[in-house]
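Shared between the two complexes below is subunit A, which pairs with subunit B and subunit C, respectively.
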Partner chain A sequence: MTVKVGIPRALLFYYYFPMWNGFFKALGVEVILSRNTTKGILDKGVRQSVDDACLPVKLFFGHVLDLKDRVDYLFIPRMVSVERKEYICPKFLGLPDMIRHNVPDLPPIIDITVNMSRREKNLYKAFAEAGKLFTANPLAVRKAFRAGLEEQERFHRLNHLGYLPHETIEQMSRGLVNQNYSPAQTGDMTIALVGHGYNIYDSYISMDLIEKLRNMGVRIVTPDNLTGTIIEEKSDELPKKMFWTLGKRMIGSAFHYMRSDRIDGIIHVASFGCGPDSFTGEIIERHLRRRRNIPFLNLTIDEHTGEAGIITRLEAYVDMIRWRRAAL
Partner chain B sequence: MFGYLGIDVGSVSTNIVLIDEDEKVCDSLYIRTQGQPIKAVQKGLEYIRGRISDEIVIGGVGTTGSGRHLASIIVGADSVKNEITSHAVAASNLVPGVQTVLEIGGQDSKIIILRNGVVADFAMNTVCAAGTGSFLDQQAARLNIPIEEFGDIALKAGNPVRIAGRCSVFAESDMIHKQQMGHNLPDILAGLCDALVRNYLNNIGKGKEILEPVIFQGGVAANIGIKKAFEKTLGVEVIIPEHYDVMGAVGAAILARDAVRKTGTTSFKGFGVAEEMFEATSFECKDCPNLCEVIQIKAGGQIMARWNDKCGKWSNAIGEKKKIS
Partner chain C sequence: MKVTFPHMGNMYICLKALLTSLGVEVVVPPMPSQKTLTLGTQHSPEFACLPLKINMGNFIEAYEQGADTILMAGGIGPCRFGYYAQVEREILEDMGLKMNMVVLEPPQKHLSELLINIRKVTGNRSWVDIVRAIRFAWYKARAVDEVEEILHRIRPREFEPGSADAVYKKALKWIDDAPDRKELKKAVEAARLELDAIPIDREREVVRIGIVGEIYVMLEPFVNLEVERQLGRLGVEVERSIYLSEWINDHLFMGLLNIKGSKEARKLAPPYVNHFVGGHGQETIGSTVLFANRKYDGVIQVQPFTCMPEIVAESIIPTVSRDLGIPTFCLIVDEHSGDAGVLTRLEAFVDLLERKKEKSAVPESTEKKGEQVCLDI
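And now, the complex of A and B:
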C-alpha cells in the first residue's frame, strides 16, 4: 500500500502545491488534498484554532481536521523565507507548532523548514530531509526535487499566461500542462484583484468574489499573473525594501497594474486582522491617488457570511466604472 | 400622469417615495423597519395608495437598500440597485453640482465623491458599524431621551467632552464614565457627535478629497448636532437636502424611471400586494457540508422566490418554473 501524505487546501497551497505535489508523486507517495472549503470545514477550524489568528489560518485548521484521519503524514512545511532577505508572515513560521499543539490525534507532521533568506540552496536541503522519510536513495530524492521544480515552473508559466492559480492547479490535475494560449475571458472591463492567493482563490471565504465579478462582465487579473521580475522591479520603487514576500507581491503587482491602460480598477482584498494587509492597502491607495485616477476598492473579509455587504460594494464599484466611462 | 415609486429597505428604516416625470418628490414616507421588511413595505404601499391622487398611474418601481431583493420580489421591481448608486443618483439630480455626499444610515455609512456629476470614488464602512444610526439610537434610549431631541440637546453644549469614537463599545463605556464623573448631558452628547464625525472622517473619509458643495444625507442627517460637528471639523458648509432621509428611495425611483424608459413596460404588481399574505421562511439545506441557509418567500401557498444558496439549486428551481408558466 502506498503511503498517503495529506496537504491542506489552504494558505500556501495556492502558491506552492505543484512543487509539493510533483515532489511527492515522484517519490511514489500518494498526495491527498483536503476537500474544498465548506461551512463545516471553516466552523471546525474556527472552533479548534487560537482565537486571535486571522481567518485564513483558522481555515487551515479546518482543512487539517478534514484530512488528519485519512492520511499517514501531514505536510505542513515551516515556511520561513522563500527569497533572499525576505520573510513570510510569522503565523506561517509557527504553523506546524500551532497545529501540533492545538489539534489532538494527529498523524506525524512533515515540518521541514524552508528558509532561503541567506542561501537558496537551503530549499534542496529541506526537501531532502522530507525525502528521507520515503526513500534511502539520495538520487531518487534529487530527481523528485527536480520534478517538483519543473511542475512549479509549469504552474508559473500557465499563471503568467493569464490562468488563475486555482484554475491552473485544476488543469494540471487533468494533465493539461502544455497549452500556450491565454484563457478566454469575456467582459467589458478588467479589474486587478490584489490580495493573498489563499483569500481570493478560495471561493468560500472570498464569497466567490471572482465568479461574482465575472458574472458582472469583469475580466480578472491578479498578482499571480505577473512574473517575479515585474513584481521585483515595481516594488523596488518603495523607499525601503518590503521584506514580507507576500505583501511585496501585492504592492509590486498593484504598482504595475495602476500604470497599465488595460486596467480599469484595482480591488484590494484584505483579511481582517492581517497586519501586513492593513498597510499594503494603505500604501497602494496613496500611490494610486498620486499617479493615476483609477478607482480603488478595499474589501475586508472575515467570518461573516452575509454576502449582501460584498455584493453592494462590488455592484456599486462596477457601476461606477461604467458610469465614468460613459461620461468620458 | 405617470409616477414612479422608489423603495429603500434599510436596516433601520424603510422609505418609500413617489416622484413625477420631472423627478419632483410628490410624496415620501419614512417607516421603521423593525426587523420586518415585508410588513414595512406593505404598510408603506398601503399609505401611499391612500394618499395618491387619481391622476397618477404608477409607471415603474425601483428598490434599493440591504432588503432590495426581498422588496423587489414583493412589488415586482423594474430596477434593483445597490444603495451607493441610488444615493449618488439622487444627490446629483436633486443638488446639481454636488461634489461630496456624506451619508450615514442605520447600519452603514458611506462617502461618495462625485466629479462632473459622475461617481469618482466611494467608500463604505468595513466590518465595523460604530458611529451609525443604530448606535445613536441605542445611546439615546439608554439616556432616556427621544432621538429627535438628541441634536438640539447637543447644541446646548458649552464644552464638549472628548469621547473615544473608534469603537462603539468603548464609546459607550467612555460615555458612562464621563457621566459618572459629573459632566452634563449636552456636553456628553456633543462629545459623542464629535467622536462620531472624527471616526467617520478617519475611517471612511480617509484619503478622500472633500470638496464643496458637501451634502449630508441619510437618517442621521436629522441630527443637527452631527451636522454642526461636520461643519466644525471640515470647515465648510454642509447642506442637508430637503429629502435627506429618503434619498436612497429617490434614487431608486429615478433609476426605475430610466429603466422603464428603456423597456417601455413596468413589472409593478399593483398596490394589491399590500394585502397579500407573504410568508418568509428559511431552512438549512443539508445536501452538502456548506449548510446554506436558504430563504424562501411564499405568497398564497406558492413559492415566489428563494435565495442564499451557494450552488443555485434552490434559486434556479424557481427560475425554471417561471419560464415554463
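And now, the complex of A and C:
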C-alpha cells in the first residue's frame, strides 16, 4: 500500500500545488486532496479555529478536518519566505503550530520550513527533509525535487498564457503539458481581479465571483497572469520595498493594470481582517484615485457574506463601466 | 524644522530628550484622546490595526500645532508596523498635509545605519553630541521604567486608591523636565521617596497578573483602556512582559546592552510556537510560559483587532494555559472598545483568580477525604 499524503485545498495550494504534487508523485507517494470547499467544510473550520483568524485560515482548518482521517501524513509546510527579504504573512509562519494546537487527533504533520529570505538553496533543504520520510535515497529526493520544480515551471507558463491557477491545476491533472496560444475568453470588457489566490479561486468563498463576472460578459485577468519581472518592476515604484510577497504581487499587478489600455476596471478582493490586504488595498485605492482613469471596486468577503449583496454590487459595477464607456 | 513623532506610552519623554538635547525643535503631539482616535479613524484604512489610527491622529494634531517633520520607526516585516510609515505618508499626501517623514529603519547590519538616519534630523551635529544625546534618552527610558516598576508594586496595596497614580504623574513630569543626568537622578530619587511614603497594606494578599501581547497596546494606556490602573484598583499586582527600555534595546540597539530582553521569552516559546511569527507573537507565548513558571496567578494578553502575530499567539495560548495550569484572558481593542464592558470582564477574571487562589491556599487536612477539590475556573 502506498503512503498517502494529504494536501488541504486551501491557502498556498493555489500557488504551489504543482510543485508539491510533482515532488510527492515522483517519490511514489499518493497525494490526496481535500474536497472542494462546501458550507460544511467552512463551518467546521470556523468552529475549530480562533475567532479572530481571517477567513482563508479558518477555511484551511476546515480542509484539514476534511482530510485528517483519510491520510497518513498531512503536508502543512511552514512557508516563511519564498523570495529574498520577503515574508508571506505572520499567520503562515505560525500555521503548523496553530493547526497542531487546535485540531485534535491529527496524523503526523510534515511541517518543513521553507525560508528563502536569506538563501534560495534553503528550498531544496526543506524538501530534502520531507523526502527523507519516504526514501533513504538522496538521489531520488533530488530527482523528485527537480520533477516538482518542472511542474511548477509549467504551471507558471500556463498561468502567464492566461489560464487562471485553479484552471491550470485542473488542466494539468488532465494531462495538459504545454501550449502556445492563450485560452479563449469571450466578453466585451476586461477586469483585473486583484486579490489573494486562495480568496478569488475558491469558488465557494468567493461566491463564484469569476464565473459570475464571466457570465456578465467580462474577461478576467489576475496577478497570476503576470510574470515576476513585471511584478518586480511595477512594485519597485513604491518608495519602500513591500515585504509581503503576496502583497507585492497585488500592488505590482494593480500598478501594471492601471496603466494598461486593455483593462476596464480593477476589483480588489480582500478577506475580512486580513492584515496585509488592509494596507495593499489602501495603497492601490489611493494610487488609482489619483489617476482617475479606472473604476475601482473593493470587495470584502467573510464567512457571513450574502450572495445577493455581492451580485448587486458586481452588476452595478459592470453596468457603470458600460455606461461610462458609452458616454466617452 | 519642527519635529514630531507618534506616541507610544512614555516614549515621548525619551524622544523629546533625544531631540531637544540636539537642539532640534520638538512638537510633542497632545496625549492620545478620543479626539485623536476620531481623527485617526476617519482617515485610516478601515481594517488597519489600531496603532496606525492613533499614529494618524497624533500626526494630524501635531500638524495643527505647527509640526512639519515626522520622525517614525520602520521595520522589515512581516508585522504590518514595518509598512506604517509608507501608508501614513500616502494618507498625509492625499489629505494635503505637507509633512516631511524621516523613517528610522532598524539597522540591518550595523548600528551606524541608525546613526546615519538620525543625522537626517540632527543636521551637522558632531557624532559625540549625538551619541551623548542617545545615551541621555536611554537613561530617561530607564528612569521611567524604574518608577513604573515601583508604581506597579504600590498600586494594589495602597490604602487610598489613586494616590500612587498621582505621584506617578508628577514623577513623569519631573523626569521629562530633567535637563541633565544629575537632575534625572534626583528626579528618580524624589519619585522613589514619594512613592515609598504612600501608606500601603503590606499584609494584603494580592493577585499577580502578567500582561503579555502586542507592544503598542501594552505600552499605551489610552489604547489599552488603562488596563494596568484598572487592575491595580482591583488589587492586582501587574507586571508587563516588556518595558520601554527593553524594547528600545531590542529593536533600536540590536540588543547590544546587557539587560533583560525578549530573548529569554523567545527561548521558552517552543514547543508551542517553533518559529518566529513576526511582531511579538512568539514573545507572547514565551512570556506566558515565563509567568506560569514564576507562579503568577494569571496572564492577560492584549492586542489590537486584526493583529496578525497576536492571532497566532491567541490560538495557541489555550494550550499553554491547559498545560501549565495558568488562567489566561484575551483583551482585543479597537476604536469601539468601551471601558465599562472591559472593566466588567476584568473584574470577573480577577474574581475567578482570587477564588482559585483562596481554594488552593486551603490546607489539605481540612478537606474531606475523597472529595474532589475543584481548581478549575
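Here are a few things to note about the model shown:
Here, the second predicted complex is superposed on the first by the 326 of 328 C-alpha atoms of A that agree within 3 Å, B and C clash if a C-alpha of one lies under 4 Å from a C-alpha of the other, contacts with A are read in each partner's own complex, and residues count from 1 in each chain.
FYI, contacts are C-beta pairs under 8 Å (C-beta built on N, C-alpha and C of every residue); 3 or more make two chains touch, one makes a residue touch a chain.
Predicted model only: the values in this text are computed from it and were never measured.
After alignment on the shared subunit A, the placement of subunit B and subunit C results in a side-by-side fit free of clashes.
In the superposed model, A:286 lies in contact with both subunit B and subunit C.
Of the two partner chains, subunit B and subunit C are each touched by A:272. Judged by the touch definition given at the top, the superposed model places A:159 against neither subunit B nor subunit C.
When both complexes are overlaid on chain A, the residue A:89 reaches subunit C alone and has no touch with subunit B. In the superposition on chain A, contact of A:253 is made with neither subunit B nor subunit C.
Here the vertex is the CA centre of subunit A, and the angle it makes with the centres of subunit B and subunit C is 80 degrees, a multiple of 10.
In the superposition on chain A, A:53 makes contact with subunit C only, not with subunit B. Once the two complexes are overlaid on the shared chain, A:222 sits clear of subunit B and of subunit C alike. Looking at the superposition, the partner that touches the larger set of subunit A residues, subunit B or subunit C, turns out to be C. In the overlay built on the shared chain, the residue A:243 is in contact with subunit C alone; subunit B does not reach it. Using the contact criterion defined above for the overlaid structures, shared-chain residue A:206 touches neither subunit B nor subunit C, since it reaches no partner. Remark: least CA distance from subunit B to subunit C after fitting both complexes onto chain A is 5 Å. Under the contact criterion defined above, the residues of subunit A that touch both subunit B in one complex and subunit C in the other are 272, 286, 289, 300. Across the complex, subunit A is touched by residues 45-49, 74, 76-80, 82-83, 85-87, 89-91, 94, 103, 272-279, 281, 305-309, 311-316, 318-319, 332 of subunit C.
Contacts from subunit A toward subunit B in the complex involve residues 35, 38-41, 204, 208, 272, 285-286, 289, 293, 295-296, 298, 300, 302, 304, 307-309, 311-313, 315-317, 319-320, 323-324, 327. Subunit B meets subunit A in the complex at residues 66, 81-85, 108, 116-124, 126-127, 207, 288-292, 308, 310. Residue ranges on subunit A touching subunit C, taken from their complex, read 49-50, 52-53, 78, 80, 85-91, 93-94, 96-98, 101-102, 113, 238-240, 242-244, 270, 272-279, 281-283, 286, 289-290, 300.
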